[in-house]
Amino acid sequence: MSKTSAGHFFEDYQIGQVISHAVPRTVSGGERALYHALYPARGALYSSDEFARACGLPGSPVDDLIAFHIIFGKSVPDISLNAVANLGYAAGRFLRPVYPGDTLTSSSEVIGLKQNSNGKSGVVFVRTRGRNQRGEVVLDYVRWVMVRKRDPDAPAPETLVPDLPQVVGAQDLTLPEGLDFTRYDFAAAGEPHRWGDYTVGEVIDHVDGVTIEEAEHMLATRLWQNTAKVHFDATFRPDGKRLIYGGHVISLARALSFNGLANAQMIVAINAGAHANPCFAGDTVRAWSEVLDRAETPAPGVGALRLRLVATRGAAGILRGEDGKYHPDVLLDLDYWVLVPR
Amino acid sequence: MSKTSAGHFFEDYQIGQVISHAVPRTVSGGERALYHALYPARGALYSSDEFARACGLPGSPVDDLIAFHIIFGKSVPDISLNAVANLGYAAGRFLRPVYPGDTLTSSSEVIGLKQNSNGKSGVVFVRTRGRNQRGEVVLDYVRWVMVRKRDPDAPAPETLVPDLPQVVGAQDLTLPEGLDFTRYDFAAAGEPHRWGDYTVGEVIDHVDGVTIEEAEHMLATRLWQNTAKVHFDATFRPDGKRLIYGGHVISLARALSFNGLANAQMIVAINAGAHANPCFAGDTVRAWSEVLDRAETPAPGVGALRLRLVATRGAAGILRGEDGKYHPDVLLDLDYWVLVPR
Amino acid sequence: MSKTSAGHFFEDYQIGQVISHAVPRTVSGGERALYHALYPARGALYSSDEFARACGLPGSPVDDLIAFHIIFGKSVPDISLNAVANLGYAAGRFLRPVYPGDTLTSSSEVIGLKQNSNGKSGVVFVRTRGRNQRGEVVLDYVRWVMVRKRDPDAPAPETLVPDLPQVVGAQDLTLPEGLDFTRYDFAAAGEPHRWGDYTVGEVIDHVDGVTIEEAEHMLATRLWQNTAKVHFDATFRPDGKRLIYGGHVISLARALSFNGLANAQMIVAINAGAHANPCFAGDTVRAWSEVLDRAETPAPGVGALRLRLVATRGAAGILRGEDGKYHPDVLLDLDYWVLVPR
């Protein structure tokens, strides 16, 4: 039995430790087709080679969130197999598009540790990096998770909480080489709204809702080689429910946001994110967005929008109650930067 | 909220109007693999590059109905988002096979309008065309849908009901360039029956049945980027049921018809089609076919059969009651031309 | 109605008869992506082109069990459509990896016949061979099934029970050309355990469990073009249950065995296999393995392990009761050879 992994516990992590996550992965048109079957994704840049070429790219990349999910999924056995909760994201930067044929690897560096006052668990902060087959970093983000201790009597490590930016600065966004939206085809993309048409504070209800089935979220989560048993084993939780991978809700909400944000093409940064409440099969997920900020970029015809994307169960539009806590029907509160034609 | 689309209403359409539908789509082996997972499709020409090359094609195209679904799906946000019913198809012609790597676009021309006597809705006739990345038309068909009016007091347009053929004439069928069935491998295709073995009036019960799950029809419908909410949102209809996309039933019935029609390889025309009754998850779908006509073609070794394909819930073989109306368990009545080795 | 196939019956088979199964199939990255979505498969050699090239292969093959399922699926209409039970496997040898772009065909030779004493059915033994587009055999295995007679009064054939090896001898294993594990990257593969770390008699509980949904096993079974109606038609069995294709359980158990056997990369032989009890949607499947034998191989850095892989419903670890019969919660008992870095 000793050959199987029980995952790491809080006392196993050390500041500066770098973990190379297992199982490199080559992506193909198969992952793209599945992404389109699993989510109502319609972003033209990720759907058409011709559209992408007209925007200065060599072809249509796979959806940014495919890269995110694959790189995240690889980190699960080493980081979050014994996680009590996935607490947050910061400083996420998408540095290069991923194309069919690319092979992704993932590694994480421990950048913060803080034992909880109960002595039974602690918070681990990791910076996870995804690289392609040329060793180029394609994605870099920080997440922190609460991890159980194996031995409650293990000594607490020195507390180090990393200094994380609340927002990735617009000047720190990395734009894909060659990206050019000056000949952007708004009709092909699906909506006429340009960067300049969005105002800070504007709220968009994305209208549509999708009811989730068990088979769908399990297909998706396995596709990213994320094997956390809570997503797959109906006997694991006392209530017999399978918890839906938080990334499934991110992709679903992002795809739903097409209706109103069809031109919000490329995610370039994740500033912050919270899985506010658990999501289960049978939930009907809706989404709304708020424009948080706008920035110009050096790429021709390309502007950036900072958006809040909120996924809800039931009616859209809600966020927090009077107590300042997330409404129990809020599933996701994501803060990200996206590239939009000007 | 104004940035999201509520779709078009009856009074928004004008005769001669051409709508370019959004989101071009590049297909790959991924879409083909998913088609094989979603439907029991076994047509050899769409399964094997070697078989297709032996038939004079450069490789195995994607299933004709993949092209149909993608081109149809793109038209949904502009044509049928507010449709009360998808009333019929006519004059559908498949003009060129679609291969992995091709990028499809879709546009529709309004060719007919007829307000209903109740003044609250009307029938819109459109000719939808799908093109590949070279601008070549790959599919051209007419459909008509009943669309609600936004404003019941909007004036009725002048009525124009297009003159549509009941059947695409055999002489108007377009055969794929190079198609040659003289070296057709019947053993590899799965059945010995040639074009000459089928007689007009012959009825074939395709034997097998498939019980549909919610996850399956939603994966399929999303794959075609068809986003009509009635297919996905369990809270949309008062009965809590998700209506299955009619095209899902077409593909399922066509795939089931392999048993008895394994050599009915390429769909070249859709003469007519009716989604006779709604289909829901849990239904067990069966299919039967009737040979309606036969025609020779100029391509070597290639004949054409005109077939009626009927999908039923429960027992196959049924069509209409004594009152001339479709039996409540009939889901689809499709009239099409298909190419068969002679 | 005569154009549809009712499958073959016991009295239709003759010793020496060779049946070419229908519908050649070209595989792509689409089948691989779907395999990763359907099963928690993480073997590095089947996930990454770079990893596979570092092991001396031209690229990442598709999972060995994809080849098995496709070649098996093609034999179903000719061999097991009227099967009462799939009784066993023997002498299975994987002779060449299958790569995206390859086209597979399948044929079976009848090598044994034995009518049952009740006169109503009999056992048919077939050797099934899968070939690629160059005619090279990629997989060769024997299975035997119990098949109903059409006519109970048909005369019994002369009984011939083939002499089958209990185990494929280690010297008869065929290693992929060029395979070299001397530069094997254990960190990338996910575990440090080498061939020499496994001892005969060692038992590994693979920890994880997966609850199966109807949509998943039907997607999988259709993907292999296996059309046996018992898997798809909820009206077929009196209890309204759809029997899960035994190969779905094989792939699920093999993927679960990654936890403890991450370096058990390539299946080279199937010595024996029994689908001990039927599996249905809702079952939570777990797996355990036992090391049965070890062998050296001539390929650099490559050893072979003979493993028993057992899939169970509920708790892992069980096999047979005191009466020697399989425990009712045992689903699969598979005996196979796999290649492991030394």
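For clarity, chains are labelled A, B and C in written order, and residue numbers in each chain start from 1.
By definition in this document, a residue touches a chain if its C-beta (ideal position, glycine included) is under 8 Å from a C-beta of that chain, and two chains touch if they have at least 3 such contacts.
Quick caveat: nothing in here was measured; it's all calculated off a predicted structure.
*Asks:* Is it true that over half of the residue numbers where chain A touches chain B are used by both copies, so same, or is it different?
*Replies:* Shared-number fraction below one half, so different.
*Asks:* Could you work out how far chain B has to rotate to sit on chain C, using CA atoms and steps of 5 degrees?
*Replies:* Superposing chain B on chain C takes a rotation of 120 degrees, nearest 5.
*Asks:* Suppose each chain is reduced to the average of its Cα coordinates; what separation in Å results between chain A and chain B?
*Replies:* Roughly 36 Å, centre to centre.
*Asks:* Counting only residues that touch at least two other chains, what does the list for chain A look like?
*Replies:* Correct list: 28-31, 33-34, 100, 213-215, 219.
*Asks:* Show me the residue ranges of chain B that touch chain C in the complex, using the header's touch definition.
*Replies:* Answer in residue numbers: 28-34, 36-40, 42-44, 47-51, 60, 100, 187-191, 193, 197, 203-211, 213-216, 219, 259-262, 284.
*Asks:* Using the touch definition up top, name the residues of chain A that touch chain C in the complex.
*Replies:* 1, 3-6, 20, 22-26, 28-31, 33-34, 77, 100-101, 103, 105, 133, 213-215, 218-220, 222-223, 225, 227, 229, 232-236, 242
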